[in-house]
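Next come the structures, one after another.
Presented sequentially are two complexes of subunit A, the first with subunit B as partner and the second with subunit C.
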Partner chain A sequence: MFEFAIAGIQAPIFLLMLTGFTVGIVGGFIGVGGGYMVTPALIVFGFPGYLASGIDATHMAGKAVVSSIRHRQLGNIDWTLALSMVAGTMLGVELGVRLLNYTKKLGISGVVLLACSVVVMLGLFIYTQLETRRAHKRLEQASLEGSHVGRELKTSTLHTFFQAIPLVPIVRCRTARVVVSMWVIVLVGVATGFLAGFLGVGGGFIRVPSLVYIVGATTHISVGTDLVEIVVSGGYGGLRQSMSGNVDMMAVLFMILGAMIGAQFGSIATAYVRGPAIRYILSYSLILATTGAFLRLLYVLTGQKIALLSFFAVVFTLGEMIFLCLFIVSLVIFSVLHTRGKKVPQWVAPLVVAATE
Partner chain B sequence: MATTSRERAAIKFLFWTIASLAMIAYVFHSYRSGQMIRWYYYTADMDGYAVNADSFKDATGENPAVLAITDSDRIDGLMAVRVKKGERLPEHCNGIISKKALEEGKRVALEGDTIKVMVPWEIKESKGFKYKDSFKHKGIKTNPWSGAWNVAVVIALGICLGFMAEGFTDMLGWRIHKLHHFEGH
Partner chain C sequence: MKWFIDSMLGYWIMLLAASLGAAACIYVFWLKDALY
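Take a look at the complex of A and B:
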């Protein structure tokens, strides 16, 4: 147990590091900050709500730096795309925070926030899940035909519409091999930043699908590029939260130490899978988070009388981290076995790839 | 050639490990020495009485805590120091009892030169989760520069740890290559 003088509580260092570790794995793999998992976990450990959000936002910046360094080594970052999006993201976050404060003044922030989280995450889950299933089927077909498929396969053609918008300046993103109007990138930044600021999260779970389906980057590059965005948005969030007195730096330190190890595993694990595998994990994280948020929404709407709803919301949120970590670890193990010619479940084979490819 | 590469990786790992440890030691020292706490509980954000909320956390309606009002620049135990908005907080202060709370008289009450605390904390909810809400952190303002310091430290620590991990895998000879994103397309 460690005495957190600023938070005014005692909490086990091991649990903080474990939370950092698990969110580090998930964040490094699907390119999210994991705010929707960390904040509830910290509240369960006894941190007050406002400190939980602040600690989460601040640790997110450090964790994203660690993951970005590894993704840079893997060639998963498109710097042109990342830097073009930064200004839009910042503007969006600021607008989102202002709307959040406005709803707080009206006294409806709790319900509006949870309802928006459920709608946005459910919509993203349905689209990502349907698209990825189609891509998975195509991969299986290609595997049966014996044809060679690269790391990425997506069936959505939405990005072709956005890439055809002729508004100057046109940006050439060399790593992502995308040529698109700067305005599309900025708008993606504003829209995803707005939702992130309003929902009080890093925004990775909105930005990664947007980069894949709207900008047209590959899933791996979207993950790496998004982590650079999280450094900026997490740093900005951490600054605002610290200035409001919502951060206990020792808790942040322990979480970053755990995240450092987890982020290595999560980032390197992307080398063992194809794009659809990352999108699957992203969509499962979305539906689990949606379920948790939906249960909390029901709890609030029923006048906070049914304690079981709150209990299951916690179980879902914390269980999500463990489930996703096990899923990612299993995929890496299956990838190694598959590369060595060992038998793996039929559905896994098209999703994994040799790390050296 | 391979040896040179390994040696470079070992130097890289060693350098970033030392840098990481130095950063961790610095953060730990700043926290333990009270520097970070002084930055955190910096000035008053409202008129009221500066207190150390930990000193009366076990008070109850039947057994209230009685805080002596003083002008000290340091709070030791059951003491309260009158502060105005914008004033520097006394040492060991971690919260402010507002004038409004005193006027309401439900949780705290002003009695001559003392403050009687009957309800030191309440159960509140955030995002559907319950937590203890006490006088701690109430009405305090953090040193605005500490925010920039926190973020700078976190990013510097992330850089140190990230390159340390990279140096570690390089040192083991586990070279991580760039992925071929577009092969097979």
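Take a look at the complex of A and C:
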């Protein structure tokens, strides 16, 4: 047990490092900051809500730096896309925070936030899951026919509509191999930043699907590029929270120690899978977070009297982290076995790829 | 048992059950008393 002077609580160091480690794996793999998992987890560990939010934002920036460096080495970052989106993201976050403050004044922020989180995440889950299943089936078909398939396969054609918008300036994103109006990228930044600012999260789970389905980038590029956005937004958020005295730096330090190792593993793990595998994990993350938020919404709506709802909300938050880590680790193991010619389940083979391919 | 490995849905259910079970154990036997 370690006594955190600013938070005024005692918590096991091991627990914080483990939380950082697990969220680091998930964040490095699907390109999210993991705020929707870390903040509730820290509150469960006994940290006050405002400190949980501050610690989360600060550790997120550090973790995103580690993941971004690794993704850069893997060639997964499109700097044109990332830098074009930053301005829109910052504007969107500011607008989102203003709407959040307005709902706070009306006294309905808790319910509105949870309800919006459930609707947005459920919608994203359904779209991502349906699209990824179609892509998975096509990969299985191609695998049976013995034809070569690259790292990416998408069945959504939504991006063709947005790429056809002829508003100048048109930007050529060389790494992502996308030619699109800069206004589309900026508007994606504003929209995802707005939702992120309003819902109080980093926004990776909204931005990654947007980059894939609206801008038309590959899943690997979307993950790496989004992590650069998180460095900026998390760094800014962490700085603002630190200036407001909402950060316990010792807690951040222990979480970053775990996250640095986890983020390395999560980022490297993307080299072992095809795009649909990352989108599957992202959609699983969304549905579990939706369930947790829905349980918390029910708990709030029932006047915080049914303790069982609170218990299940906590179990889903912790269980989600364990589940996502196990799934990512098992995909890497399956990939290694598949590369060595060992037998793997039929559904796994189209999702994994040899790291050297 | 084979279905839990050979089917993606089965694998999903098996991992989720194991994870939620582990989370429930962590909460009941450790976090609840140690941290609250």
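Basically, the second predicted complex is superposed on the first by the 357 of 357 C-alpha atoms of A that agree within 3 Å, B and C clash if a C-alpha of one lies under 4 Å from a C-alpha of the other, contacts with A are read in each partner's own complex, and residues count from 1 in each chain.
As a working rule, a residue touches a chain if its C-beta (ideal position, glycine included) is under 8 Å from a C-beta of that chain, and two chains touch if they have at least 3 such contacts.
Just so we're clear, the structure is a prediction, and the values are computed from it rather than from any experiment.
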So, A:Pro12: does it touch subunit B (first), subunit C (second), both, or neither? second
Figure out whether A:Phe323 sits in contact with subunit B (first) or subunit C (second), or with both, or with neither. second
Let me test your reading of the model: by the given contact rule, A:His148 touches which partner, first (subunit B), second (subunit C), both or neither? first
Pick one for A:Tyr284: touches subunit B only (first), subunit C only (second), both, or neither. second
Pick one for A:Trp347: touches subunit B only (first), subunit C only (second), both, or neither. second
Is A:Val314 touching the first partner subunit B, the second partner subunit C, both, or neither of them? both
First (subunit B), second (subunit C), both or neither touched by A:Phe45: second
Between subunit B (first) and subunit C (second), which does A:Gly123 come into contact with in this model arrangement: first, second, both, or neither? neither
Which partner, once the models are overlaid, touches more of subunit A's residues, subunit C or subunit B? B
Using the superposition on chain A as set up above, list the residues of subunit A that contact both subunit B and subunit C. 44, 46, 314
In the complex, the residues of subunit A that touch subunit B are 5-6, 8, 39-40, 43-44, 46-50, 52, 58-59, 61-70, 73-76, 110, 113-114, 148-152, 175, 177, 218, 220-221, 231, 235, 238-245, 247, 249-250, 252-253, 256-257, 260-261, 264, 268, 270-271, 295-296, 299-300, 304, 310, 313-314, 356-357
Seen from subunit A, its contact residues with subunit C in the complex are 9, 11-12, 44-46, 284, 311, 314-320, 322-323, 326-327, 330, 345-347
Going by the contact rule at the top, pick out the subunit C residues touching subunit A in the complex. 5-8, 11-12, 15-16, 18-20, 22-24, 26-27, 31, 34-36
Write out the stretch or stretches of subunit B touching subunit A in their complex. 24, 27-28, 30-31, 36-37, 40, 53-54, 94, 124-134, 136-137, 140-142, 144, 146-148, 150-151, 153-155, 157-159, 161-163, 165-166, 169, 176-185
